[in-house]
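Across the two complexes that follow, chain A remains constant while its partner is chain B and subsequently chain C.
On to the complex of A and B.
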């Protein structure tokens, strides 16, 4: 389990420029990256800073934002969930399979897929809380199990076929100029933000992740909140996988596997801002946007494909190393 | 266990060829003999009907692996054979593939089939296969000893066909200085070879500008392609005349992005290879941007691999008689939207090739 500490107070006394930069440095980095691509793109027709492209970026990160926000809840409770990518892939395959092969209404398929994600989180949570298996290991195993179930269900095959318009609208439809998937994603993120920050359960999750011993001694059942956090993570992974299928119009067995690394990167980048040292929804969204803008911006300026991963990795290391250096995040 | 190696096979082939030379005058009888020997299905009785076979797939989530396995299973069912077949999935990892081959050797299986394998990274495992004398047949993995043969399409030919067709279509549409984008996949020898031939063809057509190229990996390839094409459309304001894709599924993602952007086949064309039925079905739609693909006969490859094992291991025939050449390249009919799309219910590879249609037409005209 990652030991994440918030060793310094984040609350400024009056206006402190240094503290402001520390606290919002990653947000500033997001703005700098945005401006940088706007300038670079202006030499090539200025396509980056168009409403069409900005909407495009939001659509591209919408699904990742849901998965990463769910993961944020788990990390806020002091747990890792490395299975989100494979759970999202599994639920995507289930969603498509139940619609195309079993010919179930998409609502029923969604219940099946989302239920599977929650079940994965429930099993993980039980193993972590009852048997004291570190979530890092449990979710690593759960990810492999998800791959196995995925292959068992569809024999590893991709699933193509006509899907109901009401379902594909989630991933491809628009309301005015705004893609519906962006609205769904924003709603999910908003709900999770309110849940984590303004409900008793959310605050207990934060307390559990911040200082489990003190929280337990306060009479709070920390295992309950770790379990809830992991279930939410599984649920959001399932929602991401199901929405991804409606966006892509098909399901590939490993179609969402890379969400695990991107989500973790977004959460860790997010931990360096807003509430430094603590996983927080707004910070994660900053991380998601940074990753999305880097992908999109490099494509638009015609950078070689390999720069995308190099730049994303560098941003992650840079952001987290600065936070570690200031002792805002401590692992193990 | 049948101890057959490629070397033995080549030696026997050489003896056969020398024998053919000595026969001299009786050439017709020799040709008949060759035909009989190279006919891979015999009426010999089976010495072994319950074989243990390891079927190892590099990436079972790929349509090509799925279809090959389907052909294999259909052949076994049609032949009424109930072999003990263990299907393994290396999930894209060359190291896992290598380990699975070695595991099959340890289990002393009667034969091994590797589909779409990265055998360049499995030299140690291949040596184990050679030492154990287990017949190995590969499918679209490139030929590497001690395999008896590799069954595939000719990827150089397909790369040339799809790229040439794209170039010709653009010229035919009056686009003398077109903008194209390319998706490249280097993780499989076949898609890699198609990409190399694409670059060779494009180097002879300097009027074509490659405005963007994206190298994809297998994981998340559909979303990566979809997002990249969306970005390209924004970057170039929709001014993309063609997109070259290494196989059909990225082409479906590219077409989906184009259609969402309001582009139809009149604006942008997409070419690919494989002839996967879902993609070919979509090509029938008038606006759909994917215009051409090479239809590979994956099911037939699986069936042929099974029948080779039946002949060599089950009936005990010498490999040299059964397998004519190390690399068996199936024709992959070139399918073009609006011209030779397969009839409903017909497999894409069962279609008459686009260019062969012209040849047949010409033959008809000259009375051939």
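On to the complex of A and C.
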């Protein structure tokens, strides 16, 4: 009987340097940036490489990691969610407001805030799946609506006041040397990782994003999985926003708006590594760390603020353009 | 062989066009039943109805004498009807095993049992004698291998009916042979196979019976013994297609294009010459480097060494735009991917390469001139959409091909001194249009252009070329006048036997 074989499968399995660099190039970049800042900072007192600063970095990126991981799920399903920043800000304001102004127990406030995030994701999902409006446009609109609701509730005020200790512990407490917020963040990211890679729903989300036609023809309801993905994204945005308020002790009306750009950058950087070409959680974390280290490092060496955004933007462009060049990612 | 699938009185009407008109179709178990027809005759619609992607407007479908109500593709699959499509239906970054088992992953509830998944995929692969690393991402596979994964996937639910839509379009000769071996296996298992194809030689090789559609109704149907290629062609086209008489070569002029020792990553030391007034054919297997050579000549790729001479002068061709200005045009293969502006309509696609001819002062486009040119092209090539404003996306595959053809034909009235290159000019095109295209290609040469064509169809090359080159593994290994070759001798040289 004739046999077709893939000639490559019989090649000796040596260590393929080229392939390794491709796959982990971005991680190498992360290490290089880390080393770079360690060196630069050592000329100015060496505050970068201290355990306190390193823990700080983790603390600073913890909430972003949650939001970006939620966004990863949406992108994995083939959708954009540009509203994560404004939804996070809204839910932060709601959280603080429900506690300080309406004097509700923080558990109830949390349900309200997280529920709002999920609702935003649900509405977005409905518009995308029932009315076939592209998620890029829908979430752009939802983000603006979230800003509107935000101002309707708090009129543009920032909200601060006494908050219960159990709640503030989430953002500011430590267990030993490790900030609790980092533990919470790591737990959420781990759950999302397992969800996306090991559960059936996660698999179908990835399939929907990878080739919607093929997935539908396999009898899978792609709209259901798009909806789930967008709800997860909204929920994680809400979680990020609520925890941020605990961390800062107050809620700013647009406090988490920049999460949108940063999360997207992290997700796209993440698509260039670990599981190239697909949105993936570990890759997103690499992206989050790169952004966090750049922020922190530039701060410490006293670089002017504008340099931070320029560097972040350049890193994003560089990472994605290399991946596109190697034809690992294709946009439209 | 008992009746497996029975369609009776199937009709389907889309706005403005009756796609299927009272069609009866019977498939027996254990047979390969070919489905033929011009593009737009209704083949795709019939396939969509059988696999549940579209409901019929009237008529019944019976599977093993039971009436079926198929509401969607999942229904069809559950009843044992699977389709292997032309376009890739795989998830790019999933592994072969994951793709094969998509939607049917073993495991309890949310947890997927990886080991069982890989085992089951491995079983299926082994059963069909396919040796592929099931942990490889399918995006890394070649077209033929992806096709194979598609077919293995179709087997996973032990289907009763298998529909193959132009399965050999992207396959090499060896892969086609392997596919046919698999189909014979399936036949022995009692699976009924519907084989949609344009390639008559393959249809005659593998089919037991056939049905021919034209304009949405069944023209004829019966066992293969009742058909000859001539009768098939006649039934498909509705008129007898005269065998193409190749015009004797009269006016071979000066050398328009010459390459000296042209090399790149995919080919080495290529020396070829094309004169005005002649059609030069380039034969070679898939992977021999033909497409890459043509793409280099048109500036889409760069050569690493060697020279290209136009009318005797060494010229650097730096980009397709540059090449076009030098008078070199490529009508590429996979035209639907590479040659169409998918969001635009027929008029826009036909005129896009020649806009300069319709622009007046200040670059203002003259609609009337554009419409005339587009209509002329449509008539010449017998393109059949309802109107110039039809979005090109909604045309049948063959008509899409003709639009790409037409785009380049519309670009000049006087073709003297121009160099036209065609890569698989009649791939995916029905028999009637094929003959038309051959005439058009020969006419280009007769009017003073130089034509280079490459094709996997040796009959085509033999029919329309004056001279032939044979390419193998990136090198030109033979050349000569058409009369010096036979179908078999070319094949042998291509394969290196």
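Methods note: the second predicted complex is superposed on the first by the 318 of 332 C-alpha atoms of A that agree within 3 Å, B and C clash if a C-alpha of one lies under 4 Å from a C-alpha of the other, contacts with A are read in each partner's own complex, and residues count from 1 in each chain.
We adopt the following convention: contacts are C-beta pairs under 8 Å (C-beta built on N, C-alpha and C of every residue); 3 or more make two chains touch, one makes a residue touch a chain.
Just so it is clear, the model here is predicted, and its values are computed rather than measured.
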| item | value |
| --- | --- |
| Which of chain B and chain C A:122 touches, first, second, both or neither | neither |
| Partner chain in contact with A:186 - chain B first, chain C second, else both or neither | neither |
| Touched partner set for A:199, first chain B, second chain C, both or neither | second |
| Partner chain(s) touched by A:277 [first = chain B, second = chain C, both, neither] | second |
| Contacts of A:249 with chain B and chain C, given as first, second, both or neither | first |
| First (chain B), second (chain C), both or neither touched by A:213 | second |
| Chain B or chain C, by number of chain A residues touched | B |
| First, second, both or neither for A:324, with chain B first and chain C second | neither |
| Chain B versus chain C as contact partner of A:104, first or second or both or neither | neither |
| Partner chain B, residues of chain A touching it in the complex | 44-45, 47, 50, 52-53, 56, 59-60, 147, 151, 155-158, 160-161, 172, 244, 247-250, 252-258, 295-296, 299-300, 302, 305-306 |
| Residues of chain A touching chain C in the complex | 1-6, 8-9, 198-201, 203, 206-207, 210-211, 213-220, 275-278 |
| Residues of chain B touching chain A in the complex | 60-61, 63, 65-66, 89, 91-92, 211-215, 218-223, 226-228, 230-232, 234-237, 249, 252-253, 256, 260, 278 |
| Chain C residues within the chain A interface of the complex | 53, 72-74, 77, 83, 85, 88-94, 98, 102-103, 105, 107, 109-112, 129-133, 136, 139, 141, 144-145, 148, 174-175, 177-178, 181 |
